[in-house]
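What follows is a set of structures for review.
Heads up, the next two complexes both have subunit A, just with different partners, subunit B and then subunit C.
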Partner chain A sequence: MKELEEALSTFKGNPHMTIPALQAAQGKLGYLSREAIGDVAQTLGITTGEAYGVVTFYSQFRLKPVGKNIITVCRGTACHTMGSLGILKELEKTMGIHAGETDEKQEFTLQTIACFGACARAPVTVTEELGIPGRKVHGYMTKMKARDLVDGLKEKMTEEAAEAK
Partner chain B sequence: MEAVNIVIDGKNIKARKGSTILEAALENGIDIPHLCYHQHLTSAGVCRMCGVKVKIGDRWLNKTGHAPNTMHVSACTTEVGEGMEIVSDDEELNRSRKLILEFLLAQHKHDCMVCESNGVCELQKYIYQFGIDPKNLRFPGPEYTETVDESSEVIIRDANKCICCGRCVRACHEVSVQKVLNFYGRGGVDDSLPKIGIIAGFDQPLGETDCASCGACIQVCPTGALTEKLSRFQGRSWEFKKVQTTCPYCGVGCQLELSIKDGKLVKASAVEDGPDNQGNICVKGRFGLDYVHHKDRLTTPLIKRNGKFEEATWDQALDLVSSKFRDIKEKYGSDALAGLSSAKCSNEENYLFQKLIRTCFGTNNVDHCARLCHASTVAGLARAFGSGAMTNSIRDFENADVVLITGSNTTEGHPVIGAHLKHLVTCNGLKLIVVDPREIELVKYADIWLRQKNGTDVAWINGMMNVIINEGLYDKEFVESRVEDFDKLENMVAKYTPQKVASITGIPAEKLVAAARLYAKAESGSIIFAMGITQHTTGTDNVLSLANLAMLTGNLGREGTGVNPLRGQSNVQGACDMGALPNVYPGYQKVDDARTREKFQKAWSAELPSQPGLTVVEIMNAAGKGDVKGLYIMGENPMLSDPNLNHVEQAIKNLDFLVVQDVFLTETAQMADVVLPGATSFEKDGTFTNTGRRVQRFRKAVPLAGDSKEDWDILCNLSRKMGHAIDCSSPAGVMEEIASLTPSYGGVHYDRLDGDGLQWPCPTRDHPGTPYLHKDKFARPNGKGLMTAIEYRPPAELPDKEYPMVLSTGRLLQHFHTGSLSRRSMALDRIVKEGYLELNPTDAARLQVADSGWLKVSSRRGDIQVKAKVTDRVAEGSVFLPFHFAEAAANRLTNDALDPVAKIPEFKVSAVKVEKA
Partner chain C sequence: MEGVMTSRSGVLESLRAEGVKSISPDCSKITVGMATCGIAQGARGIFAAIEEEVAASKLDIAVESTACIGFCQVEPIVEVYLPGKSRTLYQQMTPDKSRELVAATARGEVKKEWALCTVEGTAEGIPAMKEIPFYKKQLKVVTRNCGFISPRSIAEYIARDGYLALSKALGMKSDEVIDEMSHSGLRGRGGAGFPTGKKWSFARNAPGDQKYVICNGDEGDPGAYMDRAVMEGDPFAVLEGLTIAAYAIGSSQGFLYTREEYPLAREMMDNAIESAKKYGLLGKNILGSGFDFDVRITKGAGSFVCGEETALIASIEGKLPNPLPRPPYPAISGLFGKPTVINNVETLATVPQIIRNGADWFSSMGTESTKGTKIFSLVGKINNNGLVEVPMGISLREIVFDIGGGIPKGRKFKAVQSGGPSGGLIPEECLDTPVDYEHLEALGAIMGSGGMIVADDKTCMVDMTKFFFDFLNYESCGKCAPCREGIRQAHDILEDICSGEGKEEDLETLGELAHTVKDFSLCALGGTAPNSLLTTLRYFKDEYYAHIKDKRCPAGVCKKLITYHVDPEKCSGCRVCIKVCPQGAISGELKKVHLIDQEKCIKCGACLEACKLDAIIVE
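This part shows the complex of A and B:
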């Protein structure tokens, strides 16, 4: 792939740099397509199988395109006890997608995590914007807050679109 | 052995230093349960079955340092230490083991009733041993939803039986080094954390990956997750008779364990402690043996009458053969007869064959196809060192820090050595220099690849020596004390500057210099070569040049060094050793030496001819001219293996009488007057000598096919009819005779061959054999190595206007020699059905031919049609053709120009024209 050539050039022939090379590719594309994994493997001089094994081992790597906003619902024990399943269901209903999926317009990706490490504020939901560092942790979630969260993000996107025009 | 004192379960043990607790236990008869450990793989410590408690002094070895309850140490990853006290078997440990087993079983499709691994499955063994009830598990298991992958021609993968021990992954990475199998995922259930498993390639069906079909993964899989496809439902583990034997294919001589049921060979696996293969075998050895029961097997003697074969009895056939040969001898003299022996037959049979030709026929016209592969090796190395064989051992490459490989596509020609080299590069830091016109697989593992023009080997070798001498990198002490004629060499190579060499060979000067330095600076540098070096009109020169290079750098007579020719067929080394050559008796004792001849005359009670006889190509030429009238061919197929086939065909047609003894009606046998059905190595006893000079047994495992006979038996019967009876009751007895007449085999006796065999020279009964040659002195009469100043000569035929491209021929991994065996193996034939011509993309574009498009290839000697394989493995202007396929016979094109010394033809360089067909 043309667009990866530059990002991967520093890793040429260096199989020890598998993870950084995959990160670089994902940074460029937002996810790792089969083609991208093939490119990484070829650049490093490892087999596609080896690269794919690493990709599927680490949860930081994504095999499907993600939306502009990534919403992560914590399903760890503390959050579960505090009703995170309900939060997840509510978000699924509002956005029309299931956990692990991205909507057609590629605006939202919904995913789960096993304990985010902020149990004191359970149930916890985290939002981040693709390509923008940092994420927002929303504690003490309720179903209503979940709906507001999605609405807020939608509004923000409309505003930004208008500004861009 | 350095020992470490440890105690396991109260038993005092002297453990091997550097071994793990598990190895120490197993080596001392204590069976600590284990699933992910395998003796030939690195320990991964993933199954935790081998958990033990370890105490040193009063400190427990675990995270806390206190008495463990569940914190166990894995025995397979923990090295033994002085004074360790180990508990391997108590209730607590076994409780964890049961827990592990129940977890595994919960996810495991235990259909033991139809499972191919029933009886040898290690999971099954422990489930039984720990008394676990599969119907009553504490954890509910999922549905078995994985589809069974049957895409490979030889392997079935059933992921539902996989326990994720990772042995197959490690075998694929460390043993065959194909890296096709990998772990996938990590214990999760949805897409963001995929369920753990093993994937092939890019999560593809195995048959669509780069899998080499070696079956190393099957060999190590503890369960029925990986099993042989073609032997499915052919027998249960306990029904098999197991027979250890030597692989009939290439010169590595891998030790195989055959599974025999009701007189049928069902499957084969690698012998874990086979001295040269160490648990590995290639696709041919594991899956390519079914030719033994092929329907085309010859089962009765055949006599040609009016152009058609008719079945005959042994008496009829042998009477005819002996009377015809006797008639020719009487009418035209002994030298009107000739014999071609076989690198596929045993040492004993080769011995008997040359004895029969020399005594009954009364001629030295005996040769075999080593002439076509390594005659130049024997001639060159005998001149330089006094002995014509591989100097070091097959497993000795692990002691080298640099290996220079030239003219050997090792991963296909000698796959188990090739895989071992890949392993040494990836796991041991071995440095590799590859010099080859083709971008062979090993190039990927090489530190330096030099791509020379075909047939310019003397030039680059001289160039390397030029650099080494100029930079003072040669081994002065070695050269002074152990070698002759250095000054001549020094003078001659002075003009082979890297620049001059670049203009001849096309190798950039700086690359040549880098390679020269790398090899010369190695502590132990080894050279490997094969037919890319030998099959030239300058074959002997090439070999002598490599010998020069090794002597110059002192890389001889030590572990990890040497000049190591890889011999092609299972017993091509042995056939040479046994004197199936026109100029020597067994053990390279010269026929024109009067004292030697006398010794053999006495031993064989016969008058022996004193003139050396004709070589393979010379025999064919003589037949063409009518000088040779009767030919006896045992187990060879010159109608495919010899150069310039159109010429060979005419020569054979011109014979008065041709006898072919073989296991199939080969292209040559079809032209015979009498065909004698011989036996495969699975149907008789004998020995092969592998490329590492190791004499190894092969053993009768199945009954003879129909009315066929062991080749040694046929030879004895024929000799009787010829009026000079050679008596032999068994191959073991023949070996006694060989030992008594052949100094290098003097200590070789059947009762000594059951373990690791013996590497010659092995002169006496108590001699342990010789892992490497030329330790303190060379085998030449004065003990010194001989350097020879050799100038570069171009190949006999160079591309020109009419025939503008260069053809070289060679082997494929999946096939062997003329294909008479491998193409009758169902698996091998399914994997590679037909031949092809490797063609560079630029040339393909110029010819406007796509992959698999039909081509016509012609040379001055003939033409063939073949499909194109477009690949940049070959350079522009060069093409490559495998020689296994009769319908696209490479040797219709090749040049029969000979090396003047060794009489080996130039298979590796012919000028050809390629057109769209």
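This part shows the complex of A and C:
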């Protein structure tokens, strides 16, 4: 893949750089396609199977494209104690997708994280926009705040679409 | 040699002067706490408001940012320094309050009503930091700079005695440095508690020209975030500790393994490495001593098992992070087969202080077996959420009730979970236990990396155990059968119990599984995995019986075992619950008691959350 050539050039022939190379590829594409994993393996000089093993081991790597908005529900211990499962269920219902899925229009991806490390603000949900650096951490979540969060993002997208016209 | 010494102290001296000036400038200074939790609570908006106000009124006030002072509950926190008068912390700030605070600062006044405490000097009507319950029993050693200096400024770090330890260590023989560490009694803060000095001496004595040091910043324990806070708040201390470790074992290359989930910590560490290189405190010929050392940051990709040292090494090597049997220990054969020391962030941040203040100073704190202090993240059902650093030997009760301020909403304490997924749940009757490695282990828990999650009577112990098994089931690397299969089986049984399908003999099966997984797993992930199960079976067996025999969840958590009702005494008939119910399961007229149709109710809890009168009962 042409678009990955530059991103992967610094890792050429270095089999120790599996994670950084995959991170670079995912940073460029938003996810890791079959082709991209093959490219990474070839660049590093490892087998595609080895690269695939690493990809599927870590929670950061994705095998499917993600939506414009990524909503991440923290499922750490403090967040669980403070009711994060309820927040996740509410988001699944509001968005019509399950954790780990992206909607058909590719507007939203819903995912979970093992712990975001902002435990004092539990339960925590994090939102980010694909390709835009920086994430927003929402603390003390409630089901109502979860619904408002999705509504707010939808509204923002509608406004942006109207502006684009 | 004298020339070397002069240039060595020259760099430090000029940076120190610069740092002293920026910590306590001639003008007033406002500092905003901008670690991850502060930002999550709106610190960026506050910083912007303060900058705007200062610029608009053309005031002679410095505006800075710092990290986390530990009291996350009252974030966003703003510090105001009035030269010659006081340094005061303000809690739960908003942009509007911050603008007013700028005006008061310009007049040289404090705002008593918003103040949390003073950290320097005195101000009338504001308690000193040492007097308020949250800080009274704390002892800040590792976190002494967190929230007090700009984490981006090497000068401010040096102004607070930073790099004196490295300077001192480089004048010592490496064996002397290791002896000092051994005498201090410091034990690894990542969880296992292995004596740091011993680990270093193994690597030092292992044959080989090339040796490595690794800082384990892969804080994978859900519920623990002290390593993030230390990297975000005092990154130079971590780096200085790593550099001293490298000097002690004879290593020229270090690695810092950070989590993908902690972008700010990584940014701070990156900046620290760049700054240290710029001033000759990292790189070739450090401080003119002839010692070379460089550090590379590697970023993890989200995996709990990578906190295990052999898995972490495999991860840096680009391989699948499956743990390996030990021996050989990494100190003999680690990264790329070379002798390697792996220390946790908190451990390394302690090192400079031990070298600077001496082993005796450090070992004067703590208990017989566990010296010094430890940072705990006190979270969950607790009034004062935050990071607390306490001397070892303090009791759990003092941590939960004196520092933590007890349980919110007047609820009853049920358990404190210590040690993350590898730890256990400790009940009320054990709260007077002194906290150290041995005592917590005797209770069936572990100190781990320091997560302390408090549970109240609305937290279900069976559900909590299932939660950990869910986590461990996902995170088990799958290499060895006891861990992979045992955890999965136990998880499925726990799920049955939570769904009301538990059988009495399940408890015996769970006990057997727990011991098999504990005794026969390859690494510590499996070896400690059953602790939550073993402790809940030991201390909270009644709750298991309630689920199995009575098909009842006493805490009101397990969906299949509970029902929602309206309390006719409390219901005012406001129709709020009717509006939020997604199933249309609630009926009733305005100002008349409402009713929940149990056939339609999916137990989502929307009514419970929406009702302002606490009129929804869970049974």
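FYI, the second predicted complex is superposed on the first by the 165 of 165 C-alpha atoms of A that agree within 3 Å, B and C clash if a C-alpha of one lies under 4 Å from a C-alpha of the other, contacts with A are read in each partner's own complex, and residues count from 1 in each chain.
As a working rule, a residue touches a chain if its C-beta (ideal position, glycine included) is under 8 Å from a C-beta of that chain, and two chains touch if they have at least 3 such contacts.
Worth saying up front: this structure is predicted, and the values here are computed from it rather than measured.
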| item | value |
| --- | --- |
| Contacts of A:Phe57 with subunit B and subunit C, given as first, second, both or neither | both |
| Partner chain in contact with A:Thr47 - subunit B first, subunit C second, else both or neither | first |
| Most subunit A residues touched (candidates subunit B, subunit C) | C |
| Partner chain in contact with A:Gly100 - subunit B first, subunit C second, else both or neither | first |
| Partner chain in contact with A:Ile19 - subunit B first, subunit C second, else both or neither | second |
| Which superposed partner A:Phe116 touches (first subunit B, second subunit C, both, neither) | second |
| Touching both subunit B and subunit C, residues of subunit A | 46, 50, 53, 57-59 |
| Subunit A - residues contacting subunit C, complex | 14-20, 22-23, 44, 46, 50, 53-54, 57-61, 75-82, 86, 89-90, 93, 113-122, 124, 135, 137-139, 142-144 |
| Complex contacts: residues of subunit C adjacent to subunit A | 36-37, 39-41, 72-73, 75, 219-225, 228, 259-263, 298-304, 315-321, 377, 379-381, 385-387, 417, 420-421, 451, 453-455, 459, 464, 467-468, 471, 475, 477, 580, 582, 604-606, 609-610 |
| Residue numbers on subunit B that touch subunit A, as the complex places them | 179-186, 190-194, 199-203, 209-210, 444 |
| Parts of subunit A lying in touch with subunit B, wherever the complex brings them together | 34, 37-38, 45-50, 52-53, 56-59, 62-64, 99-100, 111-112 |
